[in-house]
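Following this line, the structures themselves.
Presented sequentially are two complexes of chain A, the first with chain B as partner and the second with chain C.
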Partner chain A sequence: MPRALSITTHNASLGEAPLTPEWHSRTVASETAAHKMSFTAVPTASNSYQLNDSNEVQPLHSLPPPFTTTSSPGQTSSTKLIRQGAEALLYYTHFLSPSLPCALKYRPPKSYRHPILDKRLTRARILAEARVLVRCKREGVSVPAVLGAGWEEGWIAIEWVNGSTVRDAIFGRKTWRQENQASYEGGEKDLVGLMHKIGCAVGKLHQVGVIHGDLTTSNLMLRPTVSGAEGGEEPSATSAATPFDGTITLIDFGLAAQSSQEEDRAVDLYVLERAFGSTHPEVEHLFPEVLKAYGESYKGAKVVLRKLEDVRMRGRKKSMIG
Partner chain B sequence: METILLPHLGQYPLQVGLFLDVQNARYLRQQLLDGNTEFEYAFLDAAVLLSREHVLAACFRAINDILQGRMKSKNVHSEIVFSLSPNNNISECFRRFGVGETTKNIVAIKVDNNASQIQEHLQNHVQGQIVPFTDETLASLRDEARVRKAYKVDSSSNEEAEAFIIGSMALKGS
Partner chain C sequence: MPIAIGLEGSANKLGVGIILHPSSSTPSSPHDSAHSEDEAFTSKPTSPPVQILANLRHTFVSPPGTGFLPKDTAAHHRRWVVRLTKQALKQARIQLEDVDCICYTKGPGMGAPLGAVAIAARTLSQLWDKPLIGVNHCVGHIEMGRAITGAENPVVLYVSGGNTQVIAYSAQRYRIFGEALDIAVGNCLDRFARVLNISNDPAPGYNIEQLAKDGKCLLELPYAVKGMDVSFSGILARVEELARRLTTTTSTNPWLDPDTGLDITKSDLCFTLQETVFAMLVEITERAMAHVGAQQVLIVGGVGCNERLQQMMGIMASERGGSVYATDERFCIDNGIMIAHAGLLAHGKGFETKLEESTFTQRFRTDEVLVNWRD
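This part shows the complex of A and B:
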């Protein structure tokens, strides 16, 4: 039992919070199942398993403390599981204020790892991600803010970015164009603009000495620019001129590292290039626009672009052998 | 006075009051130094506070650390002051963020659910004008130079700097 607060409250029993949530990564639900579930964390302490359609046993996820204390008198927001990755669970919740939405990333204990090693790994990963985000904030790179962290318990609370991922924006482009015919100017200008923004954002990140490690279009978000604030364009009736308005904000720094090596930077770009190739083959021909903007974004970027050619060659050779 | 419930820590209501032009900061400080148990408050110097979010981030960290058995100071109220600090130097932290002899504007926080009793006690003992605890008022009371020094930042008035500061507080001791 941790030291109690020397304060008067309606007796909140701390003992109820399960410190080691039951979690077996071997039985995680498939991604699609996780998406279908609209999971609200209500503790059902006595029954930590439920049966699904196929009679398979599925774990109910326990949030780490203090997030396990649901249904308390002061509860002001619900917590929803929105994504279940191999390493981390991503919840939507609120932090500090009921009007401040946040992404709660939780790395649950892995039962197949030795508990001490597992704790150490989780802690290192949580801290690596959080430190890179805070560092990016200091350097003015557009990333979500770190609002809180519990590295011993395995969580990090990150500001929720409103807006869509670049992936979804590209997929939604066709629909957007149909719905906004009036303001549509034609051609691929909107996509070129998007590519430039991406190139600049990645350039800025590299410039401050950070490698993302997992640059995909799901890890790039378009944060709507707050109109009326300093220096923004005047919003008009048809202000949404393209489906790609907003500031590119980088998320998911779970694999990020601090490095200023040309090689690491080039590999980062290569990963992004491959992601475009596989996820958005129809816009892959515009990827050079990303590189063009990147090349101009900081001193030293040109060298990285030359290095990228080597990295591509190696990639090709590898895929020929493998 | 305002009662604030932090999401996920709603069992620990915060009673928060912002007092302007406080005339007896020296007396309040003395009560804390004497360990007067009637004065179990976090008294913060409003000059170094950025926003509600900034203050609440310190409250969250303090309460959560105590729940997890990681208290670094004497009680939850000193822990709130300590949580504002970007480093582990407790005495420096109290000098920078706590009530000093010349502090003018004070944010008083008590983790407790007895709102009316606390309000009465504070109004009887803090000689100052109580006003709503808003971001606008906090911004008007801020001493930029002191914030920059406390957090070693170039600027303290933009959102990016605030996010960096809150992030640094969250990662302190890691």
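This part shows the complex of A and C:
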């Protein structure tokens, strides 16, 4: 049974909550059938869906309870598959109440590996991610809160973060300037400010003893600083002074680890540096601003920056035999 | 029609292979290769079909409980290289004039055996006045795997006694996306076999595979995957500990599985080790596939013959809507034909290793080679 971490009660009536995905079968009978087949290998599909006899698109994996619930016919769905990675599916859905939007990360069983090993790994990874997030939250790092997790079933529900990724914000900078008719007088001041914020955010993360493991601009969100009601509210674009307003929030801790070693921290920075180089070559020259802010963000950061020099020299990996 | 002789001796196998690329004029042209389809060993539209004239191998097998030492292995190669080459030429039924180049393994591998074979190749090159081609062992595996299976642009899992890499092609290089950070997976299996005195004939990995078929209990081992990289040394240390515990187990002091109450056997240890390390390999391969958006996987290298690994990879690939390509022991395990094949591809682009440069190296990364025969 699913267990909630921060919310300890489970309401049985949640089964009626509108959690059904769009592409799910409409009747209870086929719903059950879909659930049964969900953990078996389905070959030959060229993407994550397969066509069955009735040409209805069905997902390869159905969600574990309580997320696979029935809904009355014709009801609009609120659960959407956002991304499919190598080992997890990311859904947008609601948790406990329709007013609480969340990101649901589901690690479906891998039938290629031994069931005992599979259970062990899924459990360890869900718990590790939850623990890192809880620790970050407690220490005041801006990360989404953990709402609940089912480590036997392989899911973790995380607070939904509004706003855009840093990646999209940088790509959208030009458009934003045109729309807001902002002059180019500021030069790259807005970008410098963004870099500073990123450096501080990563510094704060490292300070509390957490390594992200996959720092890219897609895993950095700009969460609008909302004054009013939480969640759901769109920030008004006109009130923003730069395209990069908001708080840097780190997401996707799937590869995170708890470590305070300079080497690990330096590699984390190196990965981010490389991500900037490959995704945003036009702003790569401002990356030193990230490091500058990082260097001032906590005691011990300067040592990490020196270590980064070594990591740069040799790359992420050592040159080895073969 | 270009013909190449390939000499391989980077580890305990000495291989001599002779290959023919039928569509000689423009080996990279898909139109030409299509014409010679019927007489080719295998063919596909994107790379030239090849014909294998000879593929001989002689393996240095060390006694159970020991590994192959560089000195002894080099002596073995020196003893056999002339005999094997003569036999290959006889089997191929070709004239020396038809041979275009002599290809040899430049690296990576064990120094002494590499040196022995490099000297043999240099000698043949001087004797017959043929150009020399130094070949990267890993690229040889990849190109042979592609030629045999017809996989066009796969993610490659290269697993052997000395190498563990997840590779994908991009812009004329085979890029390493993930690799073992310490020992190779095959090395982990081989060294485990030594503790249990499992025979090295025909290969320790093969005997582990057979034993594992009777395994029932899955014991707990470390699981070390970091992104697309893996580490096996900790797993080896732990499984060696378990193996030593097994050797001290007697009927009065049994070691029972807590869940089933059955005796823990050699087979269970083999089973546990295989299930754990192969799960790691499949996991990093899947991650690389998701990363580059590939649908095909090609498994090459000695460990790639393992049918359980192939099966697990097949399940993973089919769940992603992809497919897995693997070859049998003739091409998976180190062989001369793959060196001849990769060498001839490079030779077709004008590559040649001058005598003064015909060295060998223990360290030779896969991504150092310019793969200019691919688009």
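Quick note on the criterion: the second predicted complex is superposed on the first by the 234 of 322 C-alpha atoms of A that agree within 3 Å, B and C clash if a C-alpha of one lies under 4 Å from a C-alpha of the other, contacts with A are read in each partner's own complex, and residues count from 1 in each chain.
By definition in this document, contacts are C-beta pairs under 8 Å (C-beta built on N, C-alpha and C of every residue); 3 or more make two chains touch, one makes a residue touch a chain.
Computed from a predicted structure; not experimentally measured.
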First (chain B), second (chain C), both or neither touched by A:Y112: second
Touching partner for A:G295 - first (chain B), second (chain C), both, neither: neither
First (chain B), second (chain C), both or neither touched by A:V146: first
Dominant contact partner of chain A by residue count, chain C or chain B: B
Contacts of A:L121 with chain B and chain C, given as first, second, both or neither: second
Touched partner set for A:G213, first chain B, second chain C, both or neither: second
Contacts of A:P101 with chain B and chain C, given as first, second, both or neither: neither
Which superposed partner A:G163 touches (first chain B, second chain C, both, neither): neither
Residues of chain A at both interfaces, chain B in one complex, chain C in the other: none
Interfacial residue positions of chain A with respect to chain B in the complex: 2-3, 5-10, 12, 14, 65-67, 69, 72-77, 93-98, 100, 127, 130-131, 133-134, 137-138, 140, 145-153, 157, 159
Touching residues on chain A, where the partner in the complex is chain C: 41-48, 60, 85-87, 110-114, 116-117, 120-121, 213-214, 255, 317-322
Complex contact set, residues of chain C against chain A: 108-109, 137-138, 162-163, 165, 176, 179, 181, 184, 218, 220, 223, 226-227, 229, 275-276, 279, 282-283, 286-287, 289-291, 295, 312-313, 315-316, 318-319, 321, 362-365
Chain B - residues contacting chain A, complex: 5-13, 40, 52-53, 56-57, 60-61, 63-64, 66-69, 71, 75-76, 111-114, 153, 160, 163-164, 166-168, 170-171, 174
